[in-house]
Amino acid sequence: MWLWNKIKQLTIPSRTGVVTLRYPYKPRPAPAGFRGQPVWDHTKCIGCAGCASNCPARTIFLRDICQEIRILIYDSSRCTYCGRCADLCPEKAITMSENFELATDNRQDITQTIELFMMTCQRCGRCYDLEIKNALDKLQMLGYRYDSLEVRKVIGQSTPEFEPEHLEKTATYRRPEKLEKSSCGKD
Amino acid sequence: MSRKEELLNLLKDKLRGKFLAGSSLEDKRLFIDIKKEALVETASLLMKEGARYQMGVGYEAKKNGQGLAMVHTFAFDADSLLVAIRALTTEDKPEFDSLTPFIPGAGWSEREYIDLLGLHFKNHPNPKRLVLSDDWPEGIYPLRQDVPYDLMPPSAEEVAFRLDEAPPGSSIIPFGPFHACLHEPAHFAVYVDGEEIKGCEYRGFMVHRGIEKLAATELTYNEIPFVAERICGICGSVHSVNYAQAVEAASGLKIPRRAEFIRTIMLEIERLHSHLMWLGVAGHLIGFDTVFMQAWRIREKIMWLAESLTGNRKTYGMVIVGGVRRDIDLTKADLIKKTLSEVEKDMLALEKAIIKDKAIHRRTKGVGYLSREKAVEWNLVGPVARARGLDMDARRDHRYAAYDEVKFDVVVADSGDVWGTLVVRIKEIYEAIKIIHQCLGKLASELQGSPLAIEIEGPVPAGQQGLSVVEAPRGEAVHYVLTGDDNRPERWRVRAPTYPNLQAVPDMLLNNKLADFPIIVGSIDPCISCTDRVAVIDRKTAADRILSRQELEKLSREVRSKT
Amino acid sequence: MKVVAVFVNLIYFLLLAPFLEGVMRKLTAWIQSRKGPPLYQPYLDLLKLLGKENLNSGGNWAFRLAPILSFSSMLAAIALIPLTGQANILAHSSDLMTLIYFLTLSGFCLLVGALGSGNPFAAVGASREMMTTVMLEPVLAMLLILGTVRIGNFSLSAAVSGVAVSRGGSYFLMLVVYLLALQAFAARQPFDIAEAEVEILEGPYMEYSGPNYALLRYTLNLKRMFYAWLLVSCFLSFILPANFLFSLLLQTVLIIVVFVLISLIGATHPRFRIDQALKYYALLLILALIAVGLAVKGW
Amino acid sequence: MWKRLTEKAFRRSVWVYHCNSGACNGCDIEILNVLTPYYDVERFGIRLVASPRHADAILLSGAVTRPTLPLVKKAYQAVPAPKLVFAVGSCAIGGGCWYDTYNVTGGGDKAIPVNYFIPGCPPRPEAIIFGIALALGLVDKKVAPVELKQMEFPVDMYRQAKILESNRVIYKLLGEEDDRLLSGRK
Amino acid sequence: MTILSGFWLFWLSLLLASFLALILKKKTNYLRSAGTLLLCLSCLILILISLSILGKGGSPLEFEVKVGSFHLPFLIDGLSALFLLLLSVLTLASVIFSLDFVKKYKGDEFWKYYLILPLFIGGLAGLLTVDDLGPGFTLAWQLMVISSYLLIRWGRPTKVSARPALVYLLFMEAAWLMITGSAFLAKGYIFGDSLGTVGLKLAQSGPWQAILFFSLLFLGFGIKTGVFPFGQWWIPDAYSTAWPQVSSLLAGLLEKTGVFGLIRIFFFVAKSSGAAFNPDLWGKVLVVAGVITLFIGTVQAIKQSDYLRLLAYSSIGQVGYIIFALGSSLLAWNSSLPLAKSLASVIFIAAVYHSLNHGIFKGLLFLLGGNLLYATGTRDLNRLGGLLSVMPVSGFLAAIASYSISGMPASSGFVSKWLMISSNFLAGRDSLLLTLSGIVALFTAAFTLACYVKFFGLAFTSAGASWKLKRSIKEVPWKLLASEIFLTVICLSQAFLPMGYVKLIDRSLGLSSGFLLSEAGGDLLSGKMFSLKIHDGQSLLAATSPLLMLFLIVLLAFLAYWFSRSAHPAETKVPAWLCGYQDLNLNNVYADRHVFSDLKKFFWWTGGSPKKVIDDNDPTVLPDSQPKGEVE
């Protein structure tokens, strides 16, 4: 009985054989539709900031440094590769590439910076139309998240009523003591 | 008269003046507002009626000048009915009566809000810190609306949670947070007498990421599914579907049928990978690495399948509010069928090889035993409950998505030990395959060409409650949504299946051997990140008073840079 | 020549032991349907460990000295053995008790070191290891005593060659006992209880790092090889040719076969609990006692 | 010479210690997954070890939460030198989608020096293997920072304006440039 | 100065020491130095006496003392001299140890100790020298028993000590009754006959009388040595109640006087009683009793949390080894195999050797237990740990003692156990009983190891004690250490100079007339035995070459050290890794009660489950001792 079980367990590998893939010596591309690194096509981008305002990880940033230049930074270090930016981009300027070999020894390597040239609409004073119909996905009127530090704060916070005394309490609050301070090794 | 109306009348009758309102958008849900004095009475009434306690939700309902609210939800499995009772208290006297003395499973739900909201629960037997880190100062309650989401009080080095004293004659073996049998940070102080476990204390919630405050200002309805998915990397789809269902329920949205089938398929694929994963991990935990390797070898095909269906192996990103993002067309359906038949064949071979192995029996039978009565008392859910003879499954009891159209068996075992959970999970693998095949059939025949998601016309109405359950691989996951303004919910509360199951672990461990600790904890398939999440969404407040805001921002940033 | 034999012993074991671990890992990998590390991987592991920082958590000399003494007493035990049945120079001043005690000493040092680390996990491991030693060491002793009883000589070569001198009931019973105990001697599943990785994090080895850990791993490798060698040279001595080199070669092959056996059993079993294992060991003890009894009666 | 040999052996036998500092399980499962038959990193001499004392590398997964911050530091100290740190997944690299909440202190490099970053949410096993292979010197890095411009201005007037320069604070705000310089070293 | 006058001088100085204690009483410092001086003097005299008997040209001393109408026959032959040597060495260590240890005594404990101790030593010496089972024996026995009763009685607060002391007294008196009563079975026995005469008279008695005679003596001396189950009844309680330096004498000597008695009966009286003595029967009885004792005692020792009790149980186990060896020697002597006959004396020598060894290392261990008690004030292993770094010398000595008693290679325990077990196996090749009991003895050796891994590991290595006991712990004063180093040196000499000791024992046996085995191996006892081969190429050299083994290990250790440090790794001190969240603290130390828990459960049937450890400063026992101190 015991032996029979063990033999059955041993037949599994003999049936399947060694299945180990040869990666990384042999490339193994991801399947079609894989959500790898998003790639911005700077020729298509209109700077609407739809990607930035719908990014769950809030890792796409836009900032006007002057009237004509808007900078888009995509910092992949927090990206969740959900592909929402690609979904919602009205110009389809973002594609989810199938590249997953992103490992690096430098965080800077996985960032993308795009300098956009913005031309204001002479009629409405905005740069683009709000294309998306879904009520939940509507681009915010501000168009992008962090156009200035001040606004970032406006958007970012929930608590005008917060009183700094709360924080002061933290300094005086008596925290629970440690059980016993370890002195092992010191003795 | 339906069961719902019966209950409503009963409560109205018994509570009289303490009953405030009862409402529901759907027929399977009942939302009741009561006065806070009646909380215990109502809960015990419901329990007497055969309810199963699910979770507690606390939030600050400041907008209407209402103070702090506490919602308790109950399930009537036999009647497919979910009941939520809500009570309010004022901010200057944030006190509720505790349900824990007669519903032990409510213990954590209440402790959570002691930490996060500063509530007090009268008669709570063990009002210790649960969620926040050891050095988090008292007096700052992150879920309160006046606390910014990125406030980081200064840390303190020499501070520790005061663990309970070990019972006399035993010492503590500190399992975790970085321990080979726990792949997630959680701390079990296991009291041992020699090799025998005499109890344990859990200090978890180290994966508490405080998603709520982040979402309070940053996330919108349709960003949340993607964050919800990352509550847990294993059963992420459960959470995103669950969240979407809760929002849809709250706002009365009806999504396309095809989307429901696709959601069902993804949920079942997730169950497949999760159960196979568990089988492997269980093998690893009893030192049987071959089972680990073989189970994961089989599982890998499912991962590849998921990858080609959704574009990612784990966090599928399929769900948005109102539908799904990607279609499962005929070629993909064929791929699914092919993979499933391979998996089924491999799984049968593996099952045959291990199911009668005496050595495995020796390590699992009679280990981590918990009686049926105890299981009811602790509100256990999922395979852990089903292994203890509780015939419950949210897929059948609270039908959602496309489960009303598929046939499947609920696998129940009655051994009450680790072995039971193993059997239940293995059997459920085949059930899941069955369900997927049925769904694929439906997709191919009736639902060809229907849309994937609906266009949502207007904003979601504020102040609506939505409650949704989904049977995750680990058991029933519950989401509660209270809709809010500004394109985001006011409150979103998740109760993962591990949440009740984990509370019963000390009971399961009692008088077992130290060597069985990994497999007993493993048997509930703990998903600590699910449990620790506290993914609550707060509503955004007005954008005035920028000045004090800036000070605050500066303050908290400075503080953070020091830590 | 007899002096050289000591060095042959040491070199043979030192060189071959890590390779055998490689065999074991490769084979385990095969059972798990995967490719596995190259056969020479354990050598690289040892080499790497030598270059690593030596962390000292115990802060006492017992902790620091333990790996060195454990390794050296294991080597001392190996230096004594009659490889291919030929006694070496040390045979005059040693016998089977010396061998058993040297083996025990090796474990003893590990335990003192583990307790010295101050770590509760290591202490649990040490406790389990000691329980195993207490129950298993006598089985080894009885194997050798079987040989002694047969030949009537207390020397090591007599004890080793005596087991298979006649292949009666006691021989086969002892063979069964030894095969059943082999996994436990080799500290592989289902008997890697003391080092259980997922519960007590390698137990006694837990606090050792770098060179100290290298020594302990090497000791473990040597120990496994020793028990495999013992199986071959006690029970199969009658098929080993007289020529030293041929004999060594055949022995090596047989030892590898024993390792294949160990890996196969190891890969198809979950770990026992210590209470289950103790019962198993007690059974082995009783069987071994019967075997010795049979030998005394001349069977 | 012996010393050099041991250094050489280091890259051929990396034992890793898995340190979950608050991940969602996704990366942890994928880390386990690279040990399984299809990927089998043991062929590079990589083993998952249970005790940090035996480890050569830490595989850090998950955003470092407030409670785990001191623990991660402790774990790092418990690993004998020389040691490598891999940050696996977006949470461990930059803190993930909750990088700035009250209970999350951010990416792994806020706690301990990280040597290699493996992005992905979660990274596929192949991506993890690629990262490890990168560390072992088996493959070359395939990514580099991308800087694109829609238009080149003939005169670099915008860059020199002082007021604009002060607006460039966005870079600081976003990426914490100083931090990157510290952690993104070779 | 003749040996005889030396003997009287010894007694004189003992009595003087006792007397001084009565006079000086509260003048503690004078009393301490005077008492110590006189006791040391008497020990030195005793050493001189024994050496002059054992030395070149020495001869047994035989004389009679007339007290009233009784003649008390005294005999100091080689064997007595050997045990007297052990007595004096141990007493010397114990007395030097007391010098500082007694400073902890309160009130009248102090002078009472110095009053009784000399009498106790006198009693022990008397037992080793009287040669009868009548008045002389009674006198010596009662002196020893009553004095040791008092020492046990005062060792701890009354609440704790009353019962063990009483039990001890009762058992000893029962043993006395049996021993003195047994002689009356010999035909024509006159109260006061010397042992030789008793033997001769026994030869004329009936077979049943002989059997009864030997049974009674076996029981009497068995109670004394602690044969199972008698040992379990009084030894652990008594040893853990007495002051540790007294326990050291109790375990090192009092037990050995029982062994001495057994030897006298079964190897001397037996010879003179000739056919009335059945060596086969008594050999088997001794072997079985010994094996049971050694196994049960050692297994029970593992279970103890009180380290003094642990040592006490373990000494039952060790005495079991001696009894086992004596029995197996008898059996081997009675065997038909020529090899076995010649090995009989080897086994016997091993038994005596082990008595000496055990006397030394158990005495040493009890003194080290005293160190622990002195430094930490607790006798609970659960509360100790990590003392190695604060008490390095004690730790080192304890390591050596534990190593020795575990019988690891290159230690004194190894030599004697090795001699015992290996020759037992060779001699008992065709005897199932001898082989199996040899295996049990070997099996038990592993238990002994476990026991002392636990003792040393948990007390000295493990995790820190200073924070566990919430007081600063320092190394004990040098006088305590000096006495222990003295014993350690002897212990090491027993390990590394086995030939010397074997020759000494051999010589002492040569000087004892009427030895049963003296004809056994013919030339064996003349010093040729331990040449390379004894018979048919049987090598017994392993025991005699511990230095070689030490050399081997040290050489290989250097190799290992070189190997492990060849890449010059850095070394850093770090805290223990407890999975991150906890630090090492009071609660998470894997304490003594947990170690080997499953093994303890597995051997539940051996009994001896540990009692709750009560320390002297425990409030439940304090009220007793408190007022007493104030009365003074």
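Going in written order, the chains are labelled A, B, C, D and E, and every chain counts its residues from 1.
Going forward, a contact is a pair of C-beta atoms (placed from the backbone, for glycine too) under 8 Å apart; a residue touches a chain by one contact, two chains touch by 3 or more.
None of these values were measured; they are calculated from a predicted model.
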item: Set of chains adjacent to chain B and to chain D; value: A, C, E
item: Pair sharing more residue contacts (C-beta pairs) when C-E is set against A-D; value: C-E
item: Most centrally placed chain - per-chain CA mean versus overall CA mean; value: C
item: Far-end chain from chain A, centres as C-alpha averages; value: E
item: Gap in Å, rounded to a whole number, between the CA centres of chain B and chain A; value: 24
item: Inter-centroid spacing, chain D versus chain C (mean Cα positions, whole Å); value: 41
item: Euclidean distance of C-alpha centroids - chain A vs chain C, Å; value: 53
item: Chain A and chain E, separation of their C-alpha mean positions in angstrom; value: 75
item: Two or more partner chains touched - positions in chain A; value: 9, 12-13, 16, 18-20, 30, 56, 58, 80-82, 178-179, 181, 184-185
item: Shared-contact residues (touching 2 or more other chains) in chain C; value: 31-35, 50-55, 57-59, 118, 120-121, 124, 197-198, 201, 206-207, 210, 268, 274-275
item: For chain B, residues that touch 2 or more chains besides their own; value: 134-135, 147-151, 163, 171-174, 177-180, 185, 195, 213, 226-227, 230, 290, 293-294, 297, 307, 312, 315
item: Complex interface listing, chain B residues touching chain E; value: 163, 165-166, 169-179, 185, 187, 189, 192-196, 203
item: Interface residues, chain B side, partner chain D - complex; value: 132-136, 142, 147-152, 155, 157, 177-180, 183-185, 205-211, 213-214, 226-227, 230-234, 236, 277, 280-281, 292-294, 296-297, 300, 303, 307, 312-315, 527, 529, 560, 563
item: In the complex with chain C, residue positions of chain E that touch it; value: 339, 385-386, 388-389, 395, 399, 406-409, 414, 418, 421-422, 425-426, 429-432, 435-436, 438-439, 442-443, 446-447, 449-450, 453-454, 456-458, 460-464, 532, 537-542, 544-545, 548-549, 552-554, 556-557, 559-561, 563-567, 569-579, 584, 588-590, 594-599, 601-602
item: Complex interface listing, chain B residues touching chain A; value: 134-135, 137-140, 145-151, 153-154, 156, 158-163, 213, 216-224, 226-227, 230, 290, 294, 297, 304, 307-308, 310-312, 315, 317, 320-322, 325-326, 346, 349-350, 352-354, 356-358, 455-460, 487, 538-546, 548-553, 555-556, 559
item: In the complex with chain B, residue positions of chain C that touch it; value: 28, 31-34, 120-121, 124, 189-190, 192-193, 196-201, 267-276
